[in-house]
Structure formats: C-alpha cells, structure tokens
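There are two complexes below, and they share chain A, which is joined by chain B in the first and by chain C in the second.
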Partner chain A sequence: MTNKTDTTRRGALKTLAAGGAAAASMPLWARYTHAQSAEPIKIGFQVHKTGIGAAYGRWYDRTTTAAAALINEAGGINGRPVEIIAEDDGTDPARGAEVVAKFANQHGCDLAFGTLFSHVVVGSAPTAGELKLPYFVVSEGHHVASGALNRWTLQPGITDVKSQVMSMAPYVVGNLGKKVTMLFPDYAFGHDHRDFFSAAVEANGGEIAALIPIPPTETSFTKYFPKIPRDTEVLYHVMVGPAVLTFVKELGEFFGPSAPAIFGFIDSLEAVDLASPGLEFLDGTYFWEGNPRYAQADQTEYDKFYREKVGVDANGASVSDPTDVSTYAHMFGCWETLYVIKAGMEAAGYSGPEDRQALVEAVEAITDMPQSNEHPQGAKLFNGKTHQVFGPQYISQVGGGKLNVVHTTSIEDTLYPDEVDYTTMSF
Partner chain B sequence: MLASLEGAVTAAVLALTAVGLSLVFGIMRVVNVAHGEFFMLGAVLAWWVSSWFGGHVAIGFVAALVIAPMLVGAVAALADVTILKRIDYDPERTIVVTIGLLYVIQQVVLMTYGPEARPVEPPFNTRLALPWFEWGENGLQLYWPWGLSTTSYKLFVIAAAAVVLEAVWLLMRHTKMGLVMRATQLDGEMAQVFGIPVERVYAFTFGLGAGLAALGAVLIVPIQQAHYLMGGDPLLLSFIVVIIGGLGSLPGTVVAALLIGMSDGIISVFFSPTLAKILATLLVALVLVFRPQGLFGTRTA
Partner chain C sequence: MTETAKAVILHLGLIAVLFALQFVLPAYHHGNMARVMVLATYAMGYNLLFGYTGLLSLGHAMFFAAGMYGMALTVRHLGWTPPPALLAGLLSGAVLSALVGALALRTVGVAFMIVTLMFSQAAYLTILYFTTWTRGEEGFVLQQVQRVFWGIDPSDPTTRYFLALLVFATCLMLSLWLVRSGFGKVLIAIRENEDRAQMLGYDIFAHKLGAVVISGTMSATAGAVYALLFGYAGASFAGVQYSILPLLWVLLGGAGTLIGPFIGALFTFYLIDITSGYTSAYMAVVGAVLIALTLFARQGIGGEIRARVWRGLP
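Entry: the complex of A and B
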C-alpha cells in the first residue's frame, strides 16, 4: 500500500495552496512517472448510438470525448490516462444490461458511465449492482433518488425530473395559468413528470385538467389532442424519441391561433432546430432547459469554455454543421459526471478495480461543486445519501427564433426530502 | 370529423403500402418481410432528393415523388434478380432472405443517413379549422375555431393515394402488362409456356410493390419524418391489412386498409390508441380463425 500513500499525499498536496503551486510547476510527463502504473483508467461508456435515443447518444459521445481529452491533457486521473470504451446499447434495456456486463467481464472497465434513457438505466442498474461495478448514470430519471436502484448506481452530473418539475411548478402556476393539461410519454420518465408535476401544481394552488399519456414509439399525434379539455389554460408537454418534431408540429397545427399557454420540456425539441418549418407557433411559449441552448447575453466564461471544447456554436448547433443541433440541455451531464468521477478517484486514491468500493464512498462524501469549467451548467449540491445531485434550472421563452432565459431557479427550489439512504446499504 | 380525417390519412398510406405487399404475394407468392424497409427507404430518399434540389420546396417534393419510388423500385428489382431468383422463390428461403434484406437496408441507411429523424417540408400546408359540435347546456353548441383542424396537405395525401390506387387497378385490369401479371399469378409455369417472360414479370412486380411502399412513404414524410426505424409499423400494419383483406386480393386490401385506418383514427380519438391496436389484432385473429382466406380472398393462402 505504499503506492497508495504516495498518491494520497499527492492528492492532498494538490488541494493545498503550496502543494498546488508545486504540482503546477511539474512538467506534464513527470506526472505519469509518479503513478504506480501508466495503464489507462478504463471508463465503459454505455451510449445510445442507435434506437430512439440516437440523437442524444451522438452528442453524449461528443461531450464525453471532449471532456476525456481535456482530462488527459491535464495529466489524466491519479497520473493515469483515461480511456473511454464506448458500446452501443441500442436504447434497449436488455441490451443495456448486457453492455454493462461486457464492461465488467470483457473490457475490464473500472466503471460504467453515461446512460441516459431511464428504462435502460432501470434495466442495467441491477447488473451493475451484481457485478459490483460503479455505475454513473446521466439520466434525469428519479429512479436513483427514489431508492429503486442500488448503492453502485449514482447520478452526480445531472438533476432529476422530480427536482426539475418541482421548481418549475410555481412559475407555471404563477405566470401562465392554473388549469394544466399534461402530455407526456407513457413510460418511467414520463410517469415521473406526471406524478411529480401534478403534485407540485396542486401544491402551488393550480389544478390538473387532464393527463394524456402517449406511447414513446408513437409517430402520429393529432389523434391524442382532442382529449385536451377546452378550458385548459396551460398545456404542459414533454416528449422524447425520433418523432418529437412531428409532435410539436402537429400540436401547432391542431391549435392554430387559439392555443392555450404552452410550457414544454426542451426534451420535446432536443436536437431539433427551432427554425424548422411549422414551429413558428412556438414563439412566445416557454421551455424548461437544463442548460440554455442559445448563448445568453450574460453567458459565463465556463459556458463559453465548455461550448468551445465540445464544438457547439452560440446557437447550440455543431460548429461544423449548423443544422446539427445539440442536446444541449442534457449533455453537460456527461462532462460534469466525468469530472465528478475524477474528483472521486483522486479522493479515494483509486488504483484499480479493488478500489471500486472506495470510489463510491468517496463520491458519496462529495457535497458542494462550485460553478467552474468542470461544472459549467451551474453550481451543484450532491446528496450522498440519495446519490443524486441538485442544481439550477432554467425557464426560457421563445423569441426571435431563440430561447431566452427568463427565470433561473435556485438550488433550494429544487430540493425535496430524502426518500432513501443508500449509504446504509451494504455493498 | 377529425377522427375520420386522421383515419383516412393513415388508411391512404396504409393502402398504398399494403397493395404493394399484396401484389408481391399474389403474383410471386413471396412473403416480403423487407417491405417495411422499402417504405423507409422511400422516405429517406425523399429527404435526400428534396434537400438536394434547391429552390422552391414544391420542386424538391415533386422530384422526390417521382425519383424516390423509381429508385426504390430499381433496388427491389435488382434484389429480385440477384437474390430471389437464385433461390427459385422457395417460400421458406424467401422469408429468410427478405429478413436479411430488412437488416441490410436498415443498417446501410443507419450507416449513411444516420440515426436522426429528418423532416421534409410539405409543398403546401394550410391549416384548415374544423367546427366541433357538442351537446352542451344550451343545446347544440358550435365551437369554432377551437383546436380541431387539419391541413390541406393531409387532404392531398388522401386524394393522391386514391389516384395512385386507381392507376394500379387500371394497370392490372386494362393493360397488357396487367394481363401478363395476372396470367403469371394464375399459373406461372403455364404463362412461361405461352411465352411470357416470367422472370421479368417477377422483377417488375417486386419493383412495383416496393415502389408503391416508397410512394406511400414519400407522401407521409412531410407529416412524419424520415427515420431509419420507421419501417416496422407499416410492415406490421400491412401484414394485418393483407391478412384481413385476403392475400393477393387488391380490392380486399384496399377495403381492409380503410377499415383498419379509419377504426384506428376513430377509436384513437374517442377511446385510446392502444385499444385501436388491440382491436386490429383481434380482428386478424378472428379472420384467421373464421375465414382464413381473408374477407375477399378466393383461395386458401
């Protein structure tokens, strides 16, 4: 264990001002020589390359690649380079579980990371738990914090649906209207929206006029819209999958000039150009954004840095192809999660798979994460007991073909009582 | 009203796709599992062609309407000549081969076109508000304009599909080509003896069937979007329609498409879309049990 002491001391030095200066003056090549091994740290990246999550997967991949390259440029983790091993899960829960097992058994990965779609997370997490493989998801689902998963599954880079919708409800009820009809995808992620948003609306003095579930593989939506009650004041929509543009277009065609106030989750338009034909009716409507797609007037230097490194322009599209719109509201989660993994590994003095448990414990001990290049979306608060991170949320209004932030919630707005304490569970 | 219009759009596209499948089965006795992928290929090519043609959206769309089905038909005819012919149209092997084709086409599109769903702009799209009558407190009330509406493009899809189906009917009944195809359908060997180039008829039929699916896709793509996984639903629904209507029967296919499409639209609006799918599947089961040759079928499939 002499090597371990060596790395911990180095980690401690880095946090001290004097030590920080010493470390900074050390040439990059020298850092690797201090590590016990120059073997890369292998991060298994479960990515939705195909299937209904493909558009997200493409951008999760780009964000992850950019963050890993930056980490390696800065000397890697504990002096070892990071290697991302990407495997396609087809946005399919059964395949997802296989991919996680493959990471552990075949690739010899140190951990698994990066899953977005909640049904894939729910399908894969038990496998990660059985194989005792730390599993860092970037999913937004409430299943981590609800206690449905296990001690090996953490979500330290992106906030969950429950905290997102809770913090939206006061604004929606206060500014848009009190009678809300919800359109949501009919599976775990949509059910989180249904349950937590309707509860939050009622807690804020509003009422739910109707709940309309839509199967996630649906391709034609007009037939669902006649169920929207006529006295609806606010239409709340969230949709995922390849047909999101059709969904929003048909919504516009259905209502024409006589639409109620519309509040949507940007999921309904992730990776879709706001200037697409048929979307003009969205002008003046509101969206939740996890991270503002369009660079705002008060853009932070961190957001600027992150945008540039991932290769996203001020309109949230790829710098090489302006029609290739990013999933900007979600993909920051990959970037931030990788930096949390880095911080956790450094704190744990991580040296190999035998330290996996120490890594989970080290991440559980993390609390505050200040806004920085590592956390460009905003300052975060991690709850080690529920394995869930909390952070700011943005409400934007469509105007002039852009999304302009009109309200930013505080972290406190998004907090709710713990529903689980994973730290009391055994490994 | 809205329900029946939505249903009619579904029925129109479904009829085109299913007639293609039905033709191929009726004449060649080939169960084409890759039919849905020809549909998808049509939609993807429509995107390609319409974005390649600059200028007014209508030019790109009309070009797509002509080029995409032709190209898909050519691909299908090529597949027939190079693959299906080599295995002598053996029923079991053609199923396996078309399953293979399904994956090949799907993956090639994924590799080249990518996993995104992309929109094609409709050539015209005016919103038409529909009145909604409801028995309220003061008797019959008229709500207008509220919500309910359709677009001129959706009406065009219905009309276009009707025209194309009519054309297929005329082709089969009143041209030499149709006569030759029907002769081949009745008895392939006898037709060959009478000097009909059966192989070429087969290639043409396979191409025509795929082309019809592609045409349906080009029509639907401005409403939905081109996506590499979009072939699954039409394939399933086409099979349902063809089974209900009777394999190889054109009028049966059209009637069944109307039945399924309209019931899907109406039941979805008034009850739930899931119920519509359940009923369609139940109908298939009932037809298979009580009338295995289909509603309009003449011989046992």
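Entry: the complex of A and C
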C-alpha cells in the first residue's frame, strides 16, 4: 500500500522559507522559555555516568531517584511533582558546562544539581552563574566555601573537605599518635588534605613528621615507603584511583606486623568491597567516613529508613547485588540536597524560573537542619554566607571485614572562619 | 569564476551563515555554536599540521593548554586584563610550539607521534606539578569581572557568540590565505612527497617548523579564547583526550580541507550531545561512526565533497 502525499519540492521549500522568515522575525524566540506553573519542577541532574566518576555517579543516581520518588509520594514541591532530568557529563568539566547550559536552555530546568567531582563543579559553575541557574553541588570540595565560585552555586547537602579533614585531627592526635606522616596524591585534592590537615594537627598539639607527595601517574609505591620517618606514630593516607589496592598491598608488605597507626579517607575505597583480596592489611586501621557504610549497632531510625528507600543492605551494598558496594560516605548528599531544595522552594513560594533568585535567597536563610528522614546522616548547620553546610563526621575502624564507628565529631569540630560572603555579591 | 573567487565566496559564505545564525538559533544551540567555533579553531590549527603538512601530532592539547594557561594565569596571578593576557596565551603557544617543533621534528612518522604525545604528557604533568598556582586537575574560574575588557563582557551570550565568530573567521581566512600562498603550497608538497620537495630545493625542516609554530599558535589562540569566553582553565584540557579530539574532528570533517575542522567539530558535538541522551555508551557510537567513515568516506565529509562535488575545494 502506498500513501499519497501532497508534499512537493516546491511546497517543502516554501514551508522552509516561511519557517525561516518566522524564525528571523522572532529573534531569540526560544531563549527565554520557561516552565508553566502547572508543569513539574524540573531538576537537572548532572551525573557522572561515564568517566572516572562513574561508580559514584551510579549511586548518586539511585539515591536521587529514591529521594525524588519519596518527595513525589508526599505531594511533590508546592503541589507540583518533581521531575529529575539526568544528563551525563562524562566527568569532564567542558562537557559539564555544556550540560548545565542544556538544563537551562534546552530542558527548561528550574535548577541544576548533583555534581560530585570538583573539576566538573569548577568548570560548570561559571555557566550556571551566567545563566542565573541555581546550581546545587554535592561535591565535598572546598571550592564553594573558599569563595572561588559564585552566588548561584551552593553546597547545602554535604560537608566540604576542609571541615572533614580539620575535624579528624583532634581524634588522630589524641588517640592514635602525635607524629604524623602524610602520603597524598600530588594534585589539588591531595594538596587540600596536606594543607588543612597539617595545620589542624599542629593546632591540636601534634607534629608533621613528613609530607610525602605521590605523583598521580604512579602505579607502584614501594620506593616512597622508605621516606616515612621511623618515629612516625600515625600514617595518614588519601590515595584515590585504581592504584589504591596496590598501594594498600605494598604498604602491608613494607611494614608487616609492625606498622604505625594508619588513618585514611574512605574516598579511596568507596564502591570497593573491604573483603577484596589485598585489603586484609587494612584490618585495625582507621577511616574517615561521611556516613557509616555498615549499619551500626546504634543505627538511627533515619539511617534505617534512608538505607531501605535507596536499596542498600546493612553492609552498604545493593540489596539486589551484595557485590555492588555503594558510595555510602558521599551519596547521602544527593538525598539531603533534594530536601534542602524542597525546603528552599517552599520557603520562597517558588513557582517558576522567575523565582530562581528567591530560591537562592531562601536557601541562604536556612540555618539548622535537625537529623531526620530528610537529613539521615546527621543534624546540619548551613552557613548562608559561604553557601556551605556543616555536619558531623565519622571515624571508623576496620574489624572483622567491616567498618565500625569509634568516634563521631560534633558540628562544632568542623567549623572554621568564613572565607567569603556570597550574600554581598550581586546575582 | 576563478577558483580563488569560489574559495573566498565559500568561506565568506560560511562566515555569513554563522553570522546570520546568531539571530535565529535557540539559546541552547546558540551557546553550543559559540563553543563549536572555538573548538573548530583549535581543529583548524591541528589541520594545518596534519591535513596540509602530513604531520600527525598526538600532543596538540599542550598547545591548547599553553594558550589557556598563558591567558588565565596572567589574569589570575598578575591581574592582567584580557587583551595582554590573550597575547600572553598566544605567545606561550608560539614559544612552546617552536621548542617542541625544533626537538620533535628530528623524528618522523610514528616516532613524531610518540614524541609529541610524550611532550604533551609532560606538559600535563607540569600543570599538576605546579598545582599551587594552577589548582591542578580542579582548575580555576575566571570571574566575570576579570574577563571584561574595553566595555565588552564575554560572558554575555551575544557578545560571546560574536567574539567566537571573530576568532573563527579570522583563523579561517588566515588559513585560506596560508594554504594558497607559496609557503602553504610547499607544505602540501611536503605532505605529498617530501623527498621530491627537498630535491626541488626547499628547506623541509624550516617549513615543517613553521607549520608546527603556526599550528601550535592557532591551537593556543583557541585555548586562550576558550578561557576568556567560558571562564575556566583546568588540567583536563591538557590531557590526552584533548589531543585525540582535534584528530577525530579533522578526520570526520575532512583532513586537508579548510571547512573540514568546523564540520567535524560540529558533527561530533551534536553526535555526543544527542546520543548521550539515549545511551551511556555514546563514545562507542562515535567510534562506530568513525569506523564507518574510514570505511566508506576515507577522506571525511569535506574530502568527499572535494571528490564528488568540487575538486578545487581548498
């Protein structure tokens, strides 16, 4: 069967010409379109589906989906459903900026949200600022609180590296030893740890025995270990990337049973099963955790609720696949940020993109966030001037193949003087 | 109509179309086009070396990054305004390409590829090594106020589009003039048959070095302008990925054609933009398209136009 159509080349050309003329007569016609109030609130989710951040991205995605579903079940935001529009940024800053522009200008999103890796945040923030798109990052970088970004960029759902690192020092110096040697990757992330932690150690009466930077391309670490001074009482490590398993294995072979106390950041082992071969040496060592991966004996009802809704078992792995270990120490940030966005939109009476500025101002006005189903990681204190949230941190010790919390910091331990006041900047 | 007139009309026509698109493109595509024009400028620089001189570099990201950091670091640490900072970016690219060219051109073929790749990796690690000033892989923002010059604000979408067009158009017409000049013809002769060009008495090394410097400086221009227009400088732009991308764009668009880099950059941008909405394996799609083009249109899109439509396409 054939379909007869009236389309001719001349007709098509006429239509094209008419369309072109119409477009030319209406310049900028689609640049300022925005959602109508009856439509869903569109949240652009900048997710690392590919690239180095993919393991984090997968779990950020699951957490965000779970929180959005819960918000919608409870009636949405200001009576409107929430729609999560995910775009992969490839964990690349250039693509990240393009994705932010896509949210604002193509998808008509009300805001952008969810970025983890610092270079993607820093690369994307200028675009968010130029497009006047509220940009809620879940990155733990110090970039927001340092004043490097802009008034449209906020981090209300996860603490930053400076407060995390600083708050570890009192416990490390008081309980593990006073002479600390740091092994860190020789780039910005490692330098933040070096600078913030060494200052905090000295402020707490400890001393830095040695600072050992490791080039980012290194795949074997044996040659660095002899540089560790013999009188080192605590070894602080913050290696990330695929070489971390080699690092731990070689460290174990180097020290044998006579190792100093070892303290590390779980960032290196997020999404990695502690039972992986080569990690036996970690038994008895300590880790910072943003949120305890293993359900603790004194687990709060809020953590239980959150864990269940996201689909994570008591060991921090997916309920459907015990080998699929979550990025539990970080991903709560997506959950909590979505609830901050909800609170901000409700306070601002948010009805559409014209209220974006009011949304930022409303979030800036938030201070206390009690521990709850909305904030399962712990109570938070938001600083509207620095756009940064502060909250408790956890120190866990590896034992029996699990991480057991031995210390929880107070929020006060994590505070430091403001480095910026975004509220004095224009929009 | 002479071949020269046809060539000038074609390339001025492309510039005119891009000028007109500013008034009709929806916001998202308007912003994308500004990016594509800057990236196409980078690819044009690459194409002068690869497409016209026959030298395959795997390290052009170092030139792009030299321009980007030459511009951004002088703004950040020395408080320079954009015009001298842009010049610093260009100069960084010119000096680096002269140095790298002088050393790398002692090798040929695969060795040249490897040497340029190694130099580029060294440049990348240098940026990380000086994290105190560069902020390493995290990079840093150039704030809007730091980017304003002569009352021009590059963060304004319309201004940004026209600045990108200005740079793209300048480099396009400069390239057109270059490849039709005596110097450019010698480069093509070297690509076609180096021994014969040498036998005819041309100084091969000097011409190749000239090509590396012009190519590197044009790539650095794109890097400096990228930092100015989009307000960010980071080490990822010096990574191996950004050395492979211009090769990809030029191969897709047509090596040795002036419009090829633009076509390739535009095509790849939207290929990624659209396919990433459907699958996270979008780079596999890009790979498949590249394989298909290699099999069925070995000359790239521009090369096919030259083979089938207009043999005189510059």
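Things to note:
The definition used in the following text is that the second predicted complex is superposed on the first by the 366 of 427 C-alpha atoms of A that agree within 3 Å, B and C clash if a C-alpha of one lies under 4 Å from a C-alpha of the other, contacts with A are read in each partner's own complex, and residues count from 1 in each chain.
Convention: a contact is a pair of C-beta atoms (placed from the backbone, for glycine too) under 8 Å apart; a residue touches a chain by one contact, two chains touch by 3 or more.
Source: prediction; values computed, not measured.
Contacts of A:258 after superposition on the shared chain: chain B is touched, whereas chain C is not. Of the two partner chains placed around the shared chain by superposition, chain C is the only one that A:216 touches, whereas chain B remains out of contact. Of the two partner chains placed by superposition, A:40 touches none, neither chain B nor chain C.
Of the two partner chains, neither chain B nor chain C is touched by A:147.
By the touch criterion defined above, A:226 reaches chain B but does not reach chain C.
Shared-chain residue A:49: touches chain B and chain C both. With both structures placed on the common chain, the touch criterion links A:122 to chain C but leaves chain B unconnected.
Touched residues of chain A, counted separately for chain B and chain C, are more numerous for C. Shared contact residues of chain A, touching chain B in one structure and chain C in the other: 49-50, 215, 217.
The residues of chain B lying in touch with chain A in their complex are 2-3, 6, 10, 110, 114-117, 119, 121, 125, 127, 129, 143, 145-151, 223-225, 227, 229-230, 233, 265, 268-269, 273-274. Interface residues of chain C, counted against chain A in their complex, comprise 23-24, 26-28, 30-32, 35, 125, 128-129, 131-132, 135-144, 155, 157, 230-232, 234-237, 241, 272-273, 276-277, 280, 282-283.
Those residues of chain A that touch chain B in the complex are listed here as 49-52, 54-55, 57-58, 215, 217-220, 222-228, 230, 242-246, 249, 253-258, 271, 276-278. By the touch criterion given at the top, residues 20, 23-24, 27-32, 49-50, 87-88, 90, 92-95, 97-98, 101-102, 104-106, 118-119, 122-123, 125-127, 129-130, 141, 143, 148-150, 186-189, 191, 215-217 of chain A touch chain C in their complex.
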